[in-house]
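Step one of this worksheet: look at the structure below.
Per-chain residue numbering starts at 1, and chain names A, B and C are given in the order in which the chains are listed.
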Amino acid sequence: MTQGSSGRRLAEVLSQWEPVIGLEVHAQLLTRSKMFCGCRADYAGLPPNSNTCPTCLGLPGALPVANAAAIRMTVRTGLALQSRIPEHSKFDRKNYFYPDLPKGYQISQYDLPLCVGGWLEFDVGGTERAARITRVHLEEDAGKLLHAGEIQRAGFSLVDLNRAGVPLMEVVGEPDLRSPAEARAYLVALRQLLVYLGVNDGNMEEGSLRCDANISLRRPGEESLGVRAEVKNLNSFRILQRALEHEVVRQAALLESGATLTPETRGWSEAEAATVPQRGKEEAEDYRYFPDPDLPPIRCDPDEVAAIRSELPELPRARALRLRQQHNLSFDEARGLTERPGEADHFEQLVAAGAPPATAAAWQLNELAGLCQRAHRSIETSGLDLGQLARLLLLVQRREVSAATAKTVLAQALETGADPVGLVEAGGLRQLSDEGELTDRVDQAIAARPQAARDFLAGNDRALSALVGHVMAATRGRADARRVDELLRERLTREGGG
Amino acid sequence: MPIDGGTVRHVSGLARLGLEDAEVDRAAEQLAVILDAVDHLQAADIRGLDPTLRVGDPGTPCRADQVEPSLPVERALAGASGREANLLRVAAIQ
Amino acid sequence: MSWLLRSLADQARGLRRGEVTSARLVEEALARIAALDPRIGAFVRITATQARAAAEAADRRLAAEGDGAPPVCGIPVGLKDVLCVEGVETCAGSRILQGFVPPYTATAVARLTAAGAVAVGTCNCDEFAMGSSTENSAYQITRNPHQLGRVPGGSSGGSAAAVAAGLVTASLGTDTGGSIRQPAALCGVVGFKPTYGRVSRFGVIAFASSLDQVGPLTRTVEDAALVYSTIAGHDPLDATSSRRPVDDPIAELALGVEGMRLGVPAEYVDGDLDPGVRREFEAACGRLAALGARIETVSLPSTRFALAAYYVIAPAEASSNLARMDGLRFGPGAPTAPSLRAAYEQARHAGFGPEVRRRIMLGTYALSSGYYDAYYRRAQQVRTLVAQDFGRVFERIDAILAPTSPTPAFPLGSRTEDPLAMYQSDVLTVPFSLAGVPAVSLPAGLSEGLPVGLQIATPAFQDARCLRVAAAFERAAGVAAPPALAREPVG
């Protein structure tokens, strides 16, 4: 909805209305076991209902015991968000009936969450912003419901409880976000932070990171809040932004028509490219929260909290800033390299192994990223030897190996595990930089492609690339493409003018 | 504390007790009697007192993050009222 | 006299001296159950095959280990129907759990059987342990072996009646607001509720999690101590289970009460007490004074709020604990219901009896929006008040004495239509439950032929002291005689 008439309508609405948006983000924690029992937290690929035990099945008499690692991960997240970690916290029961909730209640945290307050910094359109965090608390995930077709029309539902009881951390944000784009940037930054902290895998597609949004509109300058809609299950950055954009336009239209909004729960329909009302519950929600008597209150010992704080890794924004300053990188490069902690580690290891930082940054972000993607590997698992890669990038920087050659040998190295510099030497692929030979090759190309030469002289600058391509092909990529470009221009303009 | 049929229906609904109409009035009467007795609580001077959150030992007993064996599917679903392959089958959610 | 009418300690000695075998004890138990239980209704299920196999194993162990074998080895026991046993149907006296066969065993049971005790069957109880007469079981009522027209008390009425009638040597019950102590009092046996957190609740079908505690019902105080020390101790599967080491109660049993300060709460004896109960209680106090204890009147002023707090807290927790009984994963369910909502409602309407429904409604109401502060939160504040009362009294008193029940066993059916009258049965046991302190009930005489219980409570984790005071009284008063029915010759 960023183009065409709908885009214009959005821009018009945004000029007259101020969206007030807050996100609630649920993140499955990367523990080994579930929140309150010893079943696996990673249930991917397991046959249905094979990852359950009396506790997560909610069998009579089975009891929960809290996973210490999940509590630590939540505190770690809170500390990274500058939250306060109160000494006293507890688990509460949220009571409601649903087949994916075996006990008839979800163990969650109501009035004493593990982390209170804090803020998240993020960039939107090149500007630094911060949004306040309300709280971070810990709860258990529900099982999965499967239906043939739509839930309302299905004759029955099927339940898989493998996911029931997986530790789920909820990061509740204050309604500090003022546009769908800001909401998206906030979620991008939060996801990145969680991955950096090693508490979540950031996988929105698989649902290990999930997002709900609250949104209302008001006139710019107004203090009070409008009637908000809760939009559930916005499980990709794209859907989050599209759904919020749709909601902005929808709510504005209603408000402008004089309608009175009522609080409601909506979801995103991909088919309709719109938010749609979710079926209301039969009774008003009354979750009857009360402290879970099976789980004694949690005491977060200040010394333990200090220890967790001291173990916090360098966070993405700090790391990007350091890389920029240390290696004189651009803002975009530093941000790109620090997107995931593994990538940033790879870059720093590459530089430590002797690669020139500027070349290493450009190559890791572009060529290497592309090659790895085609090989279905990540940068960290490319299998390339960092020392060999660093030597190759040094040759590239010194223009002793052409970019094209470097790409070719890297592709081979990725496939076979060979040393890319060894491939250069064995194939005699060092860059052709002898001016005499290069000039000969350039003259041969002009002779072979007279039409391209004429086109260039007639003002078609793009015709030159055909001639460069000819030289590169004739030299099997060994020629220094930049020098070839320069020589061609020199020869042609001299001839044309002479 | 008077308690009406509507409240009883609401509470029965929340708890999925499926009370029949004939049972609602009787339940309202009985609950009213019990709540009347329980209302005695309002006379207690509890100013400044925290609610009891636990009895027994202080401390936060947690488990180490270790995987333990799960139940085989056949045992997990042994008592299921409906099954489809390895899934629990339940009536339509509506 | 039947071996089953002797104490556990006597049986244990007999087993070690070769005077009897576990196989014979178990056969005797099975024969007595066959002969007497049709009139009592203490058992809902007999596990004869498993019991015979376990008895043989116990005899082999006794032969191999001799005096080194645990004291409960080879002893026939009964288990309340809320204690899960792997592979054995466990129903908590409810239709909603019909057919439920747990794939795990309650820690307390596992410890008892690991020590060689032989479970012969499941004892009847009020549905989900909610009741004071064992008339709320969906399966059967249990009668008091002293007078078959009277209730055995509840909710562990089956466990109490089984021991009283000598059908088993000991049994396990659970106590939430008096469910071990009150039936023990009404059936004339010893019933001990340990400190909250002392015995694991894992595998105990929950009534009210912050109050439930497993404990023994036996013929003597020493027997209670032997069973208690077998089942007590930290369990990593129960987060509310204490990590403190368990004091050895056996060593302290003989120490006596000389010089001890025993408190009688004025509020407990000022109220309505059956004259026989009052008489026997006063006599018991006199007996303890004669043993050298100082009896003092103390005040527990919040007692008058305790029952009300209990009847908010316990139903509130129960309303949530019983939400898992939805008929989907276990229990009869409602497989043909047209909708999920109907499936829940049909399963729960058909599955729960009237008292359980009543308490679920009460608890749901107390937690619901708008009432939480006035009921649940306030009740938990009152609980703090009650605990403070005990804290104050225990600063200068070693143990508290009280009658266990305001009346002896009442006639069957006499309180079923009057929930409040039934709830009053717990008035003297509930305060100790709220405070989480240990309390034991032991026989202290008869009122018109019906047993009267003396209740003794000590500070939290002073379980050994609690049993010590009880043992001193028992030595002076003698072990209560079994009811006439138990002395009938069997087959």
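We adopt the following convention: a residue touches a chain if its C-beta (ideal position, glycine included) is under 8 Å from a C-beta of that chain, and two chains touch if they have at least 3 such contacts.
Computed from a prediction, not measured in an experiment: that's the story for all the values here.
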Middle chain, criterion being Cα centroid separation: B
Which of B-C and A-B has more C-beta pairs touching across its chains: B-C
Rounded Å distance, chain A centre to chain C centre (Cα mean): 57
CA centroid of chain B to CA centroid of chain C, Å: 23
Cα-centroid distance, chain A relative to chain B, in whole angstrom: 40
Numbers and ranges of chain B residues touching at least 2 other chains: 10, 14, 16, 51, 53-54, 56-57, 59, 61-63, 71, 77, 82, 88, 90-94
Residues of chain C whose C-beta touches two or more other chains: 100, 103, 210, 236, 239-240, 319, 323, 326, 328-330, 340-341, 344, 364, 368
Per-residue multi-chain contacts in chain A, two or more chains: 54, 57, 65-66, 95, 97, 99, 157, 159, 282, 286, 288, 293, 296
In the complex, chain B residues that touch chain A: 10, 13-14, 16, 51, 53-54, 56-73, 76-77, 82, 84-94
Sites on chain C touched by chain A in the complex: 82-84, 90, 92, 97, 100, 102-104, 106, 201-206, 208-210, 236-240, 316-317, 319-320, 322-326, 328-330, 340-341, 344, 364, 367-369, 372, 376
Parts of chain A lying in touch with chain C, wherever the complex brings them together: 54, 57-66, 93, 95, 97, 99, 102-105, 157, 159, 282, 286, 288-290, 293-296
Residues of chain B defined as touching chain C within the complex: 3, 7-8, 10-12, 14-20, 27, 30-31, 33-35, 37-46, 49-57, 59, 61-63, 71, 75, 77-82, 88, 90-94
Chain B contact footprint on chain C (complex, rising order): 99-101, 103, 195-197, 210, 236, 239-244, 302, 304-305, 308-309, 311-312, 319, 323, 326-335, 337-349, 352, 357-358, 360-362, 364-365, 368, 374-375, 377-385, 387, 419-420, 423, 434-436, 460
